[in-house]
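Order of writing sets the chain letters: A, B, C and D. Residues in each chain are counted from 1.
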Amino acid sequence: MPPKNTLRKKLYTIIFEAETPAGKAFDIVLLVLILASVAVVTLESVVSLRRDYLYIFVTLEWIFTIIFTVEYLLRIYSTSKPFKYIFSFFGVVDFLSIVPTYLSLFILGSQYLLVVRVLRLIRIARIFKLTRFINEGQVLSNALRASATKIAVFLGTVLLLVVIIGSAIYIIEGAANGFTSIPKSIYWTIVTLTTVGYGDIAPKTALGQVLASFVMIMGYGIIAVPTGIVTVEMSRSDKQQVATQVCPNCHTEGHPLGAHFCYNCGFKFDR
Amino acid sequence: MPPKNTLRKKLYTIIFEAETPAGKAFDIVLLVLILASVAVVTLESVVSLRRDYLYIFVTLEWIFTIIFTVEYLLRIYSTSKPFKYIFSFFGVVDFLSIVPTYLSLFILGSQYLLVVRVLRLIRIARIFKLTRFINEGQVLSNALRASATKIAVFLGTVLLLVVIIGSAIYIIEGAANGFTSIPKSIYWTIVTLTTVGYGDIAPKTALGQVLASFVMIMGYGIIAVPTGIVTVEMSRSDKQQVATQVCPNCHTEGHPLGAHFCYNCGFKFDR
Amino acid sequence: MPPKNTLRKKLYTIIFEAETPAGKAFDIVLLVLILASVAVVTLESVVSLRRDYLYIFVTLEWIFTIIFTVEYLLRIYSTSKPFKYIFSFFGVVDFLSIVPTYLSLFILGSQYLLVVRVLRLIRIARIFKLTRFINEGQVLSNALRASATKIAVFLGTVLLLVVIIGSAIYIIEGAANGFTSIPKSIYWTIVTLTTVGYGDIAPKTALGQVLASFVMIMGYGIIAVPTGIVTVEMSRSDKQQVATQVCPNCHTEGHPLGAHFCYNCGFKFDR
Amino acid sequence: MPPKNTLRKKLYTIIFEAETPAGKAFDIVLLVLILASVAVVTLESVVSLRRDYLYIFVTLEWIFTIIFTVEYLLRIYSTSKPFKYIFSFFGVVDFLSIVPTYLSLFILGSQYLLVVRVLRLIRIARIFKLTRFINEGQVLSNALRASATKIAVFLGTVLLLVVIIGSAIYIIEGAANGFTSIPKSIYWTIVTLTTVGYGDIAPKTALGQVLASFVMIMGYGIIAVPTGIVTVEMSRSDKQQVATQVCPNCHTEGHPLGAHFCYNCGFKFDR
């Protein structure tokens, strides 16, 4: 139910939708502002830049915050159900995007609080929800959701292995070689199994290196499992798109999308 | 053959099965207890935590051990074939899950013995055996089993390569650059081929770096092989899904989904 | 429109085409010269080699430059539309391949300028454009282009995650543990998520290592997504192979291999 | 043409073939001897073991060498075309497997020469050639060979990228940050692109880390390409095995191997 007031209605179309030229322009401006403001948050954390350009950073940050505040208030004003919006996921994100700057007036040295503002990035997800990207994203997330149980079984098995192997390497290497506790040894096992391999902790004994080799080859091999799961799932959802394309006359498959005739027997499709 | 005694029968249904509400509740409580007890074993290995909370850890550990001991005895009592259970895989795991705590009374400083208790995690596998996860796990393990020979050929070739390349890098780099022996050089080759790359040993000579580059690109490429094997196998088992339909005429299994006739004897299914 | 002058015509066939024996020989000589000249540029950057063999390097470089200059001038001369060639992509690359050597006469110590000459490698792409490799490359690049939107969605999500996780690790670990700024923390997140794992920065706090473990397992898992996308796309283009058959009636392309009828207008192919 | 002499004929069957029980036993003994001798070569390179067990190592090595020498001479004796065998691939490998031990009598300190003996491992390939593993290996190597051109295009593009990116990082980071020459920078690029990530060289400047992030994400993504190529190729060769299984009556596919009836229409296959 859109708001009856004409101004509110217009604002709603511009702010919440993207079908009109004004709505599209609003989205693009918002996207640029979000990216710019996150860039400022990010660069501000660099000590040398903060020292030299603090004035510019603070000024820009206030400009962004005021714009986002106005946008937030307009969203509340234009929607017909303000409370539903305020307590929705994106409503909370919008609020968290502006509140740290205001809080920084009262809480001094709240450097870490300000980092919360990178959550503004999540707002980008809303913008893209309104574009053609959503379809492709849907295919991806469908494939992932369909294989969720398989992936859960896989992850569970991996975690079980990681704890047992982590305990084994803790016994084999011991605190003297950097494996000071089981949690740290489990951390090392994850670092190795996923083939990240920082090298901050590495086995020193021969037996430890044999176990490490085993873990690496295992990690190298079992990456095939999630890959296989997702590929099969994607391939299935891909085929379901073209599943209707079987010739009723000669049963040939593989017709290009939008085919009007069977490429094998020339049968005309009723569509 | 379930035990005739009613109490034993009931206990059997609760402990070994998961169809009844009591059986499900038992499984969930057991799952929580196992995870909590493994968390205690893990955290106890952290020096600073052991120093500060030793009393709590020891108390919790005895509570868990007594509960698991009672469970173990109930399992022996409720099953109709106690010896078969005791010497079964899970029977041994159950025994190993409780015995280290009792042994720690007699053997002082048996820190490493206690780590054996993380094997309790394996008991989780039993719990999940009784849920819907088993089906998905079946698909995964079937796919892996079907491609076992291909994976063995692949792994054998990789191991052969790893030994030969390890020997080559040992000659090229030598002990002065950290490649002190062939086993250590083989360890480095595995670290590199699997793209783990700790960096604890790294080639220093130009020729060694050329060989390393070659190994990396090879490792980067051949990961495609196990991935391809598993994906094709999963895709195949995905297509030929559901072996539940057994031919009532010739008892063949493995009919494709939606089969109307037995592929072996041509018997027509009533469906 | 080929140039009317016979010499220019002949040169054009030799230099720009590869159907004649002379054209093929020209391409092979050019390929060898490019590889040799890039090898010289590369080796010249090694301090010890530059010190000992500077004279040889400079001599070789001038020989290559003069040959490439002659080739460049012949290309301009033989083509019927010189300006179109000069400002085409390959024309600019050809120019950039020779100009740094001449500039080095005027600008002293222009070590970095000379590195631009490795762009000569791009010229190899032109040579292979004229061989059978182009077909295979086409299949690859088609598959990548078809999945471009999916890959963009995937990359966008990854970048969003990387910024948010990078900010979180910056707060958790702080400057004392090497995470001196958000950009650096984002860099660490990319290093970890892609399973590269240099180890130049690594989390030291327990919470940081938990987050790192999460990132690693995530990175280990989500590599399945681009792999799945590309595999499905390749599999599809593999099935619908050969777009060479164009319907003589309605000019539709993209008929499956062995098509007897146009899938668009039903026209029967004479084959 | 097998040798006419009965003893030679028998020896030939035992040594070169694996159909008879004696031939199989010979292969198994040979396999064990090769693995044991390579284990000795490998362990001998460990300084502490060589110091303590040199006597045992040398004795074992002479036993292995004499056995392999006898085997080598028997192979020459039993085959009807000795020269063809001697200069065949496996003939040369057999020769290289024994000659270093004899040479070590004349050349002192020939530690590196002895490493050549790990080439004995290649002889294992001959043994497995005679077993059922060959079929699976055939499927793998067929799939790899069929996709060789695609993989070559892919590798060529990767190498081109690696040289250009390596040159760029050399200019950006420079010798001060460890990127002392273009070859070394190319080595770093390969280490990063393949997600190995030793960390012996790592970018220190902001621009270098941006480029590194780009390379990592690229490397993370393009691994999908060889994986996709090999998966599609394996999937194709997998389908060709079952391609004959199409019902001539209703054109249904996906019949299990060895089906006698169509699972869809009950049509009896003529086989």
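Simple rule for what comes next: contacts are C-beta pairs under 8 Å (C-beta built on N, C-alpha and C of every residue); 3 or more make two chains touch, one makes a residue touch a chain.
Just so you know, these numbers come straight off a predicted model, no measurement behind them.
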item: Interface numbering overlap (same over half, different under half) for subunit B and subunit D; value: different
item: Most remote chain, CA-based centroid, reference being subunit B; value: C
item: Whole-Å gap separating subunit A and subunit C, where each centre is the average of the chain's CA atoms; value: 28
item: Mean-CA-position distance for subunit D and subunit A (Å); value: 40
item: Junction residues of subunit A, two or more chains touched; value: 183-184, 186, 195-199, 219, 223, 227, 229, 231, 235
item: In the complex, subunit C residues that touch subunit D; value: 38, 41-43, 45-47, 112, 115, 118-119, 121-122, 124-125, 128, 132-133, 136-137, 139-140, 143-144, 151, 155, 158, 183-184, 186-187, 190-191, 193-200, 219, 223, 226-227, 229-231, 233-235, 238
item: In the complex with subunit A, residue positions of subunit D that touch it; value: 195-199, 227, 231, 250-251
item: List of subunit D residues in touch with subunit C within their complex; value: 149-150, 152-154, 156-157, 160, 163-164, 167, 170-171, 175, 180-184, 186, 192, 195-199, 202, 206, 209, 212-213, 216-217, 219-221, 223-225, 227-229, 231-232, 235-236
